[in-house]
Amino acid sequence: ACGSGDDAEGDDAVRKVKIAYDQASKPMSWIDENGKPTGYDVEVMKLVDELLPDYEFEFVGTTSDDLLIGVEQGKFQAGVKNAFWTEERTKKFLYPEEFLGLSSAGLVLRKEDENIKSLEDFASAGYSLAPIAANNAQYTVIEEYNNAHPDNPVKLQAGDSFTVDVVQWVNEGRVDGGVMIEGPFEKQVTAKDGPYHHLEEEVVYNEFDVIKTWPLFNREEKELAAAYDGAVKKLKEEKKLEELSEEFYGRNLFDVLDSVDR
Amino acid sequence: MIEKYFDPSYIWTAFSQLMPFLKVTFAVSGLSILFGTLLGLLLAAAKLGKSTAARKLADAYTTIMRCTPSIVLLFLVYYGVPFLAGQFGLNLHDVHTAVFVVITFTLQFAAIMSEVARSAILSVNRGQYEAAVSVGLSPLQAYRRIVFPQAVVVALPNFANGLIALLQEGALAYTIGLIDIVGKANLIVAANFNAHALEIFIALALIYWVLSILIEQFFSLLERWLGRGKRTIKTT
Amino acid sequence: MLEFKGVRKSFGPLQILKGVDVEIGKGDVVVILGPSGSGKTTLLRCLNFLERADAGTARLGSLEVDLNRATKKEVHAVRQKTAFVFQNYNLFNNKTALENVMEGLITGRKQPKETARKKAAAALDKVGLSDKYDAYPVQLSGGQQQRVGIARALALDPEVILFDEPTSALDPELVGEVLGVMRQIAADGTTMLVVTHEMQFAKDVASQVVFMDDGVIVEAGTPGQIFDRPAEERTKRFLRRVLPDEYNYSI
Amino acid sequence: MLEFKGVRKSFGPLQILKGVDVEIGKGDVVVILGPSGSGKTTLLRCLNFLERADAGTARLGSLEVDLNRATKKEVHAVRQKTAFVFQNYNLFNNKTALENVMEGLITGRKQPKETARKKAAAALDKVGLSDKYDAYPVQLSGGQQQRVGIARALALDPEVILFDEPTSALDPELVGEVLGVMRQIAADGTTMLVVTHEMQFAKDVASQVVFMDDGVIVEAGTPGQIFDRPAEERTKRFLRRVLPDEYNYSI
Amino acid sequence: MQQSLNIPFLIDTFFTALSGVPITLAVTAVAMLIAVPAGFLLALSRVNEVPVLREITKVYVSFVRGTPIIVQIFITYASVPLILTALFEKYGIQANVYELNPIWYAFIVFSFSTTAILSEVFRSALSTVDRGQLEAAWSVGLTGFQSFRRIIIPQALVSALPNLATATVNLIKATSLGYALSLQEITLKAKVAANAGYNYIEAYIDIFLVYLILCSVVEFAFKKYEQRAARFRVQHV
């Protein structure tokens, strides 16, 4: 992509835009074995790109930190990183009308703690939670829960995104529970060839919430966001997103869309 | 318990996945070390020179560069340089990320090198310089032929410290999406949903270990070769 | 040939040189005598800009320089015409004896390597070190190091050589030989300024003897004048303790 | 008092000491003469374990040690009883003249600071350095450094002092003074082994003169024997070139 | 296109980041206290070519200095508890390794890695002191230990200090890797604060300021100390 000079040629030219994605957030977005971007978020954006003849998307893999700063500064026009919506973030970024996807968050627990179904239960039990990277959306979810339940908070710790292996930590007893997205849990434990399939009888996944995820746009990119809205609406109607959800998360999360409150 | 989570076969597959990215690590650190050393020597010259202004400037540079966390410096360069260039009508947004990484490492390595060089040069007895100029060498020649060769021996261990540390800064490059060997390890871990990260990191550690042994052997030879005629404090 | 005037130098509050003037003709050998700490080394160092004098001028042939304000180029020019034999030898630690002597020839004087090697070997041979070409300074005895230092200066074949106690570490046998070499190159027209405690050398070879004390020249003259008819009380006192009684017999 | 036997030392293929024996009585002053590179410094260094001899034994009073296989404790014991004056001074760079002299007293000999300071000052005064107590080595002239080195050894008041050319950097005036000091402490019963090129000192003070060449003792005897009636050809040759003609007149 | 900074957040978070300083300093101080003597001993073993110790030192240095700290942290943090638990089970020891405060892992890893770095710093510094200094110290009756303490180390220190300063400053910055252990230090605190509103630029500015202040103070102290330690040297012209 070296067409840097032709931005000025006019509105009728195809506009190249950079879409950043979190390169290490499987299955939402990651770099596959061939070095190509993929994942639910990325694939949706690829479909969006196909529907927008005036735009050409260039996908740039990077980390959360760079993505956030880059989109804010305009280095990237938009970014996808399984981001949730919060009031505060609207000051920094432009959220479009249409959400991008759904994310199921749940607690990974030892079999004997199967009865813990919600964050309230978890907090009441006084259990310890595996650290979550500070820039991870899951961190926000727990933090918001804690803000809403100051008298019964979950013990929340920030940590590194790479060094915490939730299933292992829970199973070995290092922590009592961990937050996970359903997809990864499926692929690790439930799937026959999953690396932790032998632990299937020892750990459980209890979903506690399904949340909408959003692409983040640079504040100047109102037109791009509007174009995105149009395209995604169409994709939703065509049930394309449900297919992708099935493909990447092993489950059509749109089935429970009615019960999603944020 | 351990066998549940630990599967050595991951180490072997990780090797073959990681090795190709070693060249990125080499390219980035090689360039940074080259430029950083040159800039570092200039700074050291300024610190040892007569000009007070140059000395103050070099000192300030060192303080700021050494005290800035690499990640902050990286973001400053990555966002700041294109922004500044933009003010002059240059569009640098499509420049390869490796360039920014090399600039960042160069700036930082130069600061470290300038102190390595300064302390090494100061450790060479002044009589050596005096004897050199007295036989008609210019000050530059005196430094190049007599002082440097002796200072280099002193500098080598510290230079190796800096060099080896730089090789490991791949995690930093990863932050802005440049995938070197550390970055690749992170990607593999992510692709495994964080399972078996221990094996991947062990593979990474082994590669680095071999690398550092090779580097140390090389420096050891260099030190012995350059250290001819040196009398050190050996207590036995 | 070599002339310097009003050389002054202080280290902090300590005034070491209080205005020193010396004039030396081509091929002359001037010996500087004086007690320890009187400023002899400092004087030589100032002339070679190893120390920046606070004031003073020097003339070397047609080259006239201000010892305090000389430019880099002037400094280099002076050093190219002179050589220095250090009191503490200052051999290049990272070079062998032969390389020590060759360095100035190759890098300083831009001579071809082979010529340099031949000259260096010849200079080392002159001071009796034919078997130590490849020894590093740490492998040499005190006297051997000192001789390498002398060879290093001689090989340059400069217009002026500044010697700072060149025979202090040598046994009397060698002192005789080295002084012989010096005498010979003096005869060949090299100008020499020699700080030494060897009275014999001063008497035999010097065209002029300068007696320094406490940063000033107390007295200067031919060896005859200084040794036999010193004018100043300080000189007399120094010589009385210095000259062996035998000297008096031999007059 | 001090006796050593069969001292051998090689550096690589180079045999430097080929079996050296010396015997010294209490308060004796033994002077070692010899050409440059003959192994004099190496011999002293072996005695003080600065160099490990390949073979040889030493007896210091009642202490008997193998020069090759001495234990750490023995080495330390020997060093506690001896002091060394280095050919190239080796002052502690990070200490002032006074601190240089005090160091051995305070840390080595465990004397109280005040006593040490007084002794150190007295030693420096003896060698004429009363005005340089607080100077660092780099601020001292060659002769001044050498005198600090001498004062450092004297202040320790050891049983044996090993001197390696202690007056090489001194002007003749000071040589006289320093030799005077040495003569006096010899009279007080300190044993001394002195490498020097000062024939005068050898003749005046030595109880024994040892002539070394090429790693062996060529000849040893009283000054009278060595200087007036040398038996060996090598000794004669050395002395012929060394002794000023005047010496012959004065007989 | 620059967005304006969120100034109130910037100020708030500055103090949040500042509150991570004690942890950072604790890790730095512990690592230094262990690494300075340990590194010095390792350096001595190499300078003196102590037979076996020297080889061990080489292997140690090549591994600890050669591999990324984050990897060491990870390997330690992932495997030590597993191994300990297995051992505890085998010998019936009643102890929960997971209750150990993770700062202990930080102490261990950073002490080890700093030791390796410093051993090379000291080795180079020791090589700048002429052997004659040691010989002179021996000759006035000092023991080996006394000679080092009073003569060799004060002189070696002069050339060690600039590189010690680099090592210390690098260590202070490297403690930010403690995020992998959920250590409540400067970087982690600032980034946690940033997450709510994605105020990453502000967070990085705060991180920058805190480290800049902290490291400048350390650097200044080292510089002054170096000047003091080098009093005995000639001024270079």
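As written, the chains take the letters A, B, C, D and E, and residue 1 is the first residue of each chain.
Everything that follows uses one rule, which is that contacts are C-beta pairs under 8 Å (C-beta built on N, C-alpha and C of every residue); 3 or more make two chains touch, one makes a residue touch a chain.
All values derive from a computational prediction rather than experimental measurement.
Common neighbours of chain A and chain E, listed by label, are B. Centroid distances built from C-alpha atoms place A farthest away from chain C. Of the two chain pairs shown, B-E and D-E, the one joined by more C-beta contacts is B-E. Averaged C-alpha coordinates give centres for chain C and chain D that are 28 Å from one another. Computed from the mean C-alpha positions, the centre of chain B lies at a distance of 17 Å from the centre of chain E. Per-chain CA centroids place chain B at a distance of 47 Å from chain C.
Shared contact sites, meaning residues of chain C that touch two or more other chains, fall at 88. Counting only residues that touch two or more partner chains, chain A has 65, 69, 73, 162-163, 165, 172. Among the residues of chain B, those in touch with two or more other chains are 1, 5, 71, 75, 197, 230-231.
Chains that are in contact with each other form these pairs: A-B, A-E, B-C, B-E, C-D, D-E. Only residues 1-2, 4-5, 23-26, 30-33, 60-63, 65-66, 69-70, 73, 75, 161-168, 171-172, 184, 187-188, 195-196, 198-199 of chain A touch chain B when the two sit together in their complex.
Chain D contributes residues 48-50, 72, 76, 79-80, 82-84, 86, 88, 90-95, 103-104, 107-109, 136-138, 152-153, 156 to its touches with chain E in the complex.
Across the complex, chain C meets chain D through its residues 11, 33-37, 41-42, 87-88, 139, 141-144, 147, 164-165, 168-176, 197, 199-200, 238, 241-247, 249-250.
Here chain B touches chain C in the complex through residues 127-128, 130-139, 141, 145-146, 149-150, 226, 228-231, going by the rule given at the top. Interface residues of chain E, counted against chain D in their complex, comprise 132-133, 135-144, 146, 150-151, 154-155, 231-234.
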